[in-house]
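What follows is a group of structures, each given as structure tokens.
Note that subunit A is present in both complexes that follow, paired respectively with subunit B and with subunit C.
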Partner chain A sequence: MEITGSIPSGGVCTPCLDERQNSVVTTGKTKTRIHCADDSLAGAVSQRACVYSGARVVLNPITDAAHLVHGPVGCASYTWDIRGSLSSGSGMYRNSFSTDLHERDIIFGGEKRLAACIDEIVRRYHPPAVFVYATCVVGIIGDDIIRVCREASERHGIDVIPVESSGFISGNKIIGYRAAAHALIRLITPKEGEVIPKTRRVNLLGEYNLGGEKWLIERYLREIGVEMNVACTGDSTVAALKQIPGGYLNLVQCTGSMHYVAKLLEEQYGTPSVDVNFFGAYNTAESLRAIARLYDEPGMTERAERLIERETTRIEPEIRYYRQKLEGKRAAIYVGGAFKALAIIRQLRELGVDIVFCGTQTGKQEDYEQIHGMLKPGSVIVDDANPAEIERFLVEKRVDIMAGGVKERVLAHKLGVGFVDHNHDRKECLAGYDGAVTFAREVFFTCCSPVWDSLRRQPDWEVADGT
Partner chain B sequence: MVPDPHPLHEVNENQCQVCMPLGGVMALKGIADSMVLVHGSQGCSTYMRLSMVEHFNEPVDIASSSLNEKQTIYGGEENFRKGLDNIIRVYRPKVIGVVTTCLTETMGEDTGRMIGTYLADRSLHGIDIIPISTPSYSGTQSEGFWTAVRDLIVYYTTTVSPHEGVNIIVAQISPADTREIKRIARLMGVMITLVPDISMTLDRPYGILYEKIPPGGTRREDIAGMGGAKATIQFGYCCPDPLSPGKYLEEEYGVPLYNIPLPTGLMNMDRFIRALVSITKKPVPQSIMLERGWLCDAMADAHKCLAEIRPAVYGDPELVYAVSSLCVENGAIPALVATGTTSSRFSREILSLTQDGERQPEILEQADFSGIGATAAQKGVNLAIGHSGGKVLTERHGIPLVRAGYPVHDRLGGQRILTLGYTGTLSLLDTISNTYLEEKYRTYRQLRRTEFYDRGGVIHAET
Partner chain C sequence: MLDCMPEGPVEHTIGKINPAKTCQPIGAMYAALGIHNCLPHSHGSQGCCAYHRMHLARHFRDQVLASSSSFTEGASVFGGAANLKTAIRNIFEIYNPEIIAVHTTCLSETIGDDLPTIIKQSEIPEGKRVIHTNTPSYQGSHITGFSNMVRSMISYLAEATEPVKKEQVNILPGFVNPGDMREIKRILQEFGIPGIMLPDTTNVLDAPLTNRYSLYPEGGTTIAQIADTGNSKQTIALGSWASDAAGAMLLDKCKVPCVPLRTPIGLKATDDLIMTLHEKFSCEVPGSLAVERGQVVDTLIDTHFHYQGKKVVIFGDPDIVIPLTEFVLTMGMIPKYVLTGTPGARFETEIKHMLGEYQVEGSIVKAEGDLFQLHQWIKEEPVDLLIGTTYGKYIARAEDIPLVRVGFPILDRAVHPLMPIVGYRGCLRLIEMISNTLLDRRDRDVSDEDYELVM
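Moving on to the complex of A and B:
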């Protein structure tokens, strides 16, 4: 086979790899179906992670549980306190426990070590539950983590929940979300004879409280007359999660991670669900209205409208200021899930910003259709993009600002493109009306920073050859 | 959280190290025109990228063979080959390092054979593909780093005619540290081959052409000539012999080895200069003597402040040894010295630092932050020096932290932390003193009041 080379970059762009051609579409062109939700292409430097990663990000925010990673130390080390979820109580979840498998464990099996580690954690910290995550090597050596967890659970009288998250099962976090969903369902299924009474409270699925979003949403809901049962899993506890079956309604925010859970909850407990989205002023208003409609209680819609009116008026001057500054700027988005991408698209559009390039790691066909419908013709949509493609489209599409995660941030900065952090690492609340202002302010700060002009200013002196 | 009197033994709680393949990647990133393929599942390469990006604030591209369930059962060769094809198409590297993971090592993937077949089938010219075995369960990033550096040198070195150059093999240091070593060599007028050279590859200046493979790094033809050098200086004081690249050059090519600590601290930096002098017989320039003089002056000024510090030092063995040595020579005897790995030399060398003194530090190998935190609290540690993992020591025990080593992911500029040379030592020493002073000035008014005023003037009334 002949290997055809690419042109080195630096303004000149590398064409996409042949196998990736169908994962890139331009809006307004004839090809609309995008190839997605498949395995990542070897050697393409995908930005995706693994099943373990997907499972860990969903379950990790459960604050009082111990999270034990069964494998060599790396997987635990890379994910120690990586999820910036905030807690109103326990800080147990911010510890990273590892069974720290060594060569001898790989040869003789790691089950004994796993049992001993669970015993130690329970003896030392008395957590109400322990989640045990399987990693790649555990799947290969065939440790029976389900049995070890069951026995430990009986021994200690607490929930010890296996999470079947061996990384090699898939490079797509979605599969990890499923593993987490099964673990969650296992945790919340009532013991035999136990009945969780139905209430009028809502469960908020797919809210991880990275910057206090769960607390802000809870305030809004309380103001319109709805009590929150539990968020899944931001600032949750094991005891609170066990009350999920008593929820009146499931609000699904992060659809990628929680649609499947919502489906299982509907099947098992008959709880209906509705998609919500508290990122951005428009989305927040629509979500509150939808909830009020579903509750159909006297006065609730009026209370929701009053809240929307008050908050919209409050933030309007500041948003208007940023909109004036940002109108017509060109944005790129590359994030993990489609829910986040859609939320950012709407928010940027509210600020008058055009989205010229958008991609996700785990989007599905229907998500991409929705994204497609929201972008102007000529915009690029990419599934499972890699650094070469991101570089290419940032340059080709003359992007002013990008929204994404840590790996995208450094590339954007290198290319002189502003950046908004919309990842597990952020420290600011991005939900609701306050979040809309914070987001707009961040877009403005990075997009209109004086730093870009300073960097473009080339000194006019002569430069000597050599070192 | 109440400290547990019985530290855990089985479970590792809050890790002090990252995994072995990352060390391999770190070494490969210091080779010119190189790219890395991690043979394993997609997550491994992404986690390593994330970790390195957060530390270096640079794009770090690492490819993966992206194995999934099917390939794990039936073998990963097809993905492996596809991975190499795609790397070559997009990145056009001259060197591809292939590091393994716990997954592919356990599957028994023979990357050496797979590379041989691939090269034969593709009849590629000018691209070297080098297998490096880094099963995560066999070590930490420290072992992965030395393994990769040694394998690279074994791969490239051939018998060449003797030349005037000097080999410098560094441990895991920052790009700023790497630049400092090169600057000192330049001042000394010594031609060096430095491996691995991350000074540009993991810290690109703004304003140059953006290329997918960053400029800089040690050139493979320079590595090939290392067997003809006058000597090797290796900052691998705790590196075990079987992993030691310098040892290999000595045994295979008769290149004399100066295996010395990282040049952090007056004594260690003097050792480095002395090694350069004894190899090249050149006099030391005045400018270096001035830098040494400024460091000595700073040490005299800071000694009483430093005497009050009881530090905990943790991380990669080489950094920990050198920083501990710096602390000892300044009178800040470490109360606790810890590493996430284990090494036959580590404890012995640390103990020898303080053998004449009355106080011996507590030494922890294969440590985690549960153990480090509990011991630090018990030993009255009042300052910690190490990577960002130590943030828990601040959060939970109120111990201020001086960030050095890898990874530094919760502050900016991990790539710029300078701890080597007389100048780097001085800046580290100042940071240590000032971090301590900041805490002291923040608390001393209240402390003195509590001690001597609130107790009604009765000193030690409660003891």
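Moving on to the complex of A and C:
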């Protein structure tokens, strides 16, 4: 039985606004460059979030810091422990702190309340640092959170760091990543007279340890002879982050959130950076080789090659098994950042799956050009897709499996399309060689699950009216 | 998380740590989803809308569509009128709903956008409707937002057009799951009383998966039905926090009398609903419902030794927590700590009154509390069982206390939005959940010699 969507093809209700024409391109057909820095249209059912959201996801995995959200309670409630960043130590970051602003605070200002909340948290928990996130309303009423944080910092002798993340500044999480970057730099800048000695260790920027990836990558690096200084920010602590300036090299994984930090670190501490990507066997191998090249130490390249050889051989039978099952299936990808999109494209291609639709919330021009180059002609690329567009392309392109986040999951399922979570809801480690197998298994499970048969084989009966 | 609870009693007087509520707009969005062919619209930054949709989608495991005014810095400085007007035009053009239900956010409230005027100045296609409600996030909770949106539906759309009131009842179900709404509608059907449920998220957020997907699901109260609530002879408002305001508005605007009742959770609250329908519509109580009630009583008697005397924590939204507390009291359990994040002193008064009736002493009851406080109390004196939302799972693990998941949100279990906790069938389900949870715990904990086949 064929699944049909809600939008009549060629009918009265066109899913794409005229203004959005430039945000959709078809590979091999469209000549124009994709528009991607545009703000979302008012009235669009956008999958995008806000500046606060972007800042919060970057800083939240700092495990032993208190994350205090300055605003009405909602912004803290919705972000309470929703990112499954794993911690090997403190669980402080999994608590939700809100100044819970009331009407009188909106009228008279929330600074006193903020200061009192910081005092209470510090007295109670003695965290090494407090991050104070500004939300929309704080930006409007003009609370001087920088001053409140500075004073609290002096009062308590710890880092109290303002994050200027009022939501309305932009609907683009990238701006939030930038707010987080400034907060990070503020945290790691050595005190006057303090010197962080340079080491031979690497910093891993843009790894959030959602499924234990940081630990796996750390193991690979150790095997080839590289020690990790700190991951930024997965499973990190305030003390560990303060050692960032001592890194020999910055590995940048989530390009959306961390290129900017890498640039600042290079300017301030002279640390060079290299893009890496540990999602999928191919990316993992390329990344290990690149690191070995940059270290230029005797034996490192050989150790990397040995690791790659051993692991590739080990997982090859399993990947082959899944590839047989998945060859020729059609996939759609809609994720937050281009880094993730590129990683998934590569992994799906390794499994013989065709990517027929790809979109991101925050991709940049050069990202889209790269994506464009990796897809077969006739595939659709969309910036900031709305559900109507996603729906249209899932149906039109006869998609078998979609990779995306929570909002896409329900839509995919409604359309009878399998779904694999490559976002912050996932629980499995998807990095490295083991992650490649896990990913393949997840794609196989959802693509080839017997549950779809129940949808397709409906009993042929007459149904009376009524709900 | 677990090691983050400071030792000993700590003063906590300001802000919220691990909140037991969220903000108004999500309640308004949920209510608006219960209107047929409606697109909820969030007048504020994109993040609000994204968070609410995500949170609702996680609880209901279903598609939640809503649009946003997508505020930027400019809108925040110069006001959001232009954004809202553009949004209304775009929404009707692309998503083509019958009605847009706009709610505000802390941002647009603080800027002071005058929604009625902006809506009046907007281009609204013939036959389409735009309604709005004010949901400043810095007041009340998600329940307040729900209440405000339902009241606005009445104030915008309900009309008393008939000279004589119709033999039909308006049911204001409050912030409950579609499974609960479905069960209340079934009770009406058993009675044979025509009714209008407002809002009605059945077949919206518990819609079956068929081979046809549609942007707007089949369910939801239609605009015609909302208009017709003004012609009903009776309103029953279930849950005073979520429904009283709309009930009062119906009385005020359309002279429809309203009986405020508790959400029909537990034996007594369900009895009250049945009796009210029986009295107001002068019809006999269907035998089928009497049978169901008898089954509940039978089950209570058969199983009371599984749970009687156990100390229990109940936390969540006031309209759920109040009748649930009443029910566990009738079960012989001891509500040790009862907490809601929603403000309102009468929560404490009502619960304390119930505890007094059952001569339960030494309990703590708190409105506008948070889960940090709850955890502190439990550390001082532990309990046997937690009943509440998913957010109780941290305490459950830290203190090794079983958790029965009831309320909103439940993010880590499925199927619950489809299964009622209201009505007599809901009683059976609650008894089953509570009883089984305690027995599972016993089976896990007892030594081999005490491990029983028959319990």
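Just so we're on the same page, the second predicted complex is superposed on the first by the 446 of 467 C-alpha atoms of A that agree within 3 Å, B and C clash if a C-alpha of one lies under 4 Å from a C-alpha of the other, contacts with A are read in each partner's own complex, and residues count from 1 in each chain.
Simple rule for what comes next: a residue touches a chain if its C-beta (ideal position, glycine included) is under 8 Å from a C-beta of that chain, and two chains touch if they have at least 3 such contacts.
Treat the numbers as computed from the prediction; the structure is a model and nothing was measured.
> Following the overlay on subunit A, give me a clash-or-fit verdict for subunit B and subunit C.
By the criteria stated at the top, subunit C and subunit B clash after superposition.
> Quick one: is A:Val195 in contact with subunit B, with subunit C, with both, or with neither? Answer first, second, both or neither.
neither
> Would you check which partner chain A:Ala49 touches, where first means subunit B only, second means subunit C only, and both and neither mean what they say?
After superposing on A, A:Ala49 lies in contact with both subunit B and subunit C.
> With both complexes overlaid on chain A, does A:Ala464 touch subunit B (first), subunit C (second), both or neither?
It touches nothing on subunit B or subunit C.
> Taking the superposition as given, does A:Lys414 touch the first partner, subunit B, the second, subunit C, both, or neither?
Both subunit B and subunit C are touched by A:Lys414.
> Of the partners subunit B and subunit C, which touch A:Ser90 in the superposed model: first, second, both, neither?
A:Ser90: touches subunit C, not subunit B.
> Based on the A-chain superposition described above, do subunit B and subunit C contact any of the same residues on subunit A, and if so which?
1, 3-6, 14, 17, 39-53, 68, 71-80, 91, 95-103, 105-106, 113, 116-117, 120-121, 124, 135-137, 139-141, 167-171, 386-388, 391, 406-407, 409-411, 413-415, 455, 458
> In the complex of these two chains, what residues of subunit A are touching subunit B?
1, 3-6, 8-11, 14, 17, 19, 39-53, 68, 71-80, 91, 95-103, 105-106, 113, 116-117, 120-121, 124, 135-137, 139-141, 167-171, 386-388, 391, 406-407, 409-411, 413-415, 455, 458
> Mind listing the subunit C positions that touch subunit A in their complex?
Result: residues 1-4, 6, 10-19, 21-26, 39, 41, 44-55, 57-58, 61-73, 75-76, 82-84, 86-91, 93-96, 105-107, 110-111, 136-139, 141, 202-203, 209-216, 218-219, 341, 372, 391, 394 of subunit C touch subunit A.
> Which of the residues in subunit B end up touching subunit A in this complex?
Against subunit A, subunit B makes touches at 1, 4, 8-15, 17-22, 37, 40-51, 53-54, 57-59, 61-69, 71-72, 79-80, 82-90, 92, 101-103, 106-107, 122, 124, 135-138, 140, 204, 206-207, 209-212, 340, 389.
> Spell out the part of subunit A that touches subunit C in their complex, as residue ranges.
The contact residues of subunit A facing subunit C are 1-7, 12-15, 17, 39-53, 68, 71-81, 90-92, 94-103, 105-106, 113, 116-117, 120-121, 124-125, 135-137, 139-141, 167-171, 386-388, 391, 406-407, 409-411, 413-416, 455-456, 458, 467.
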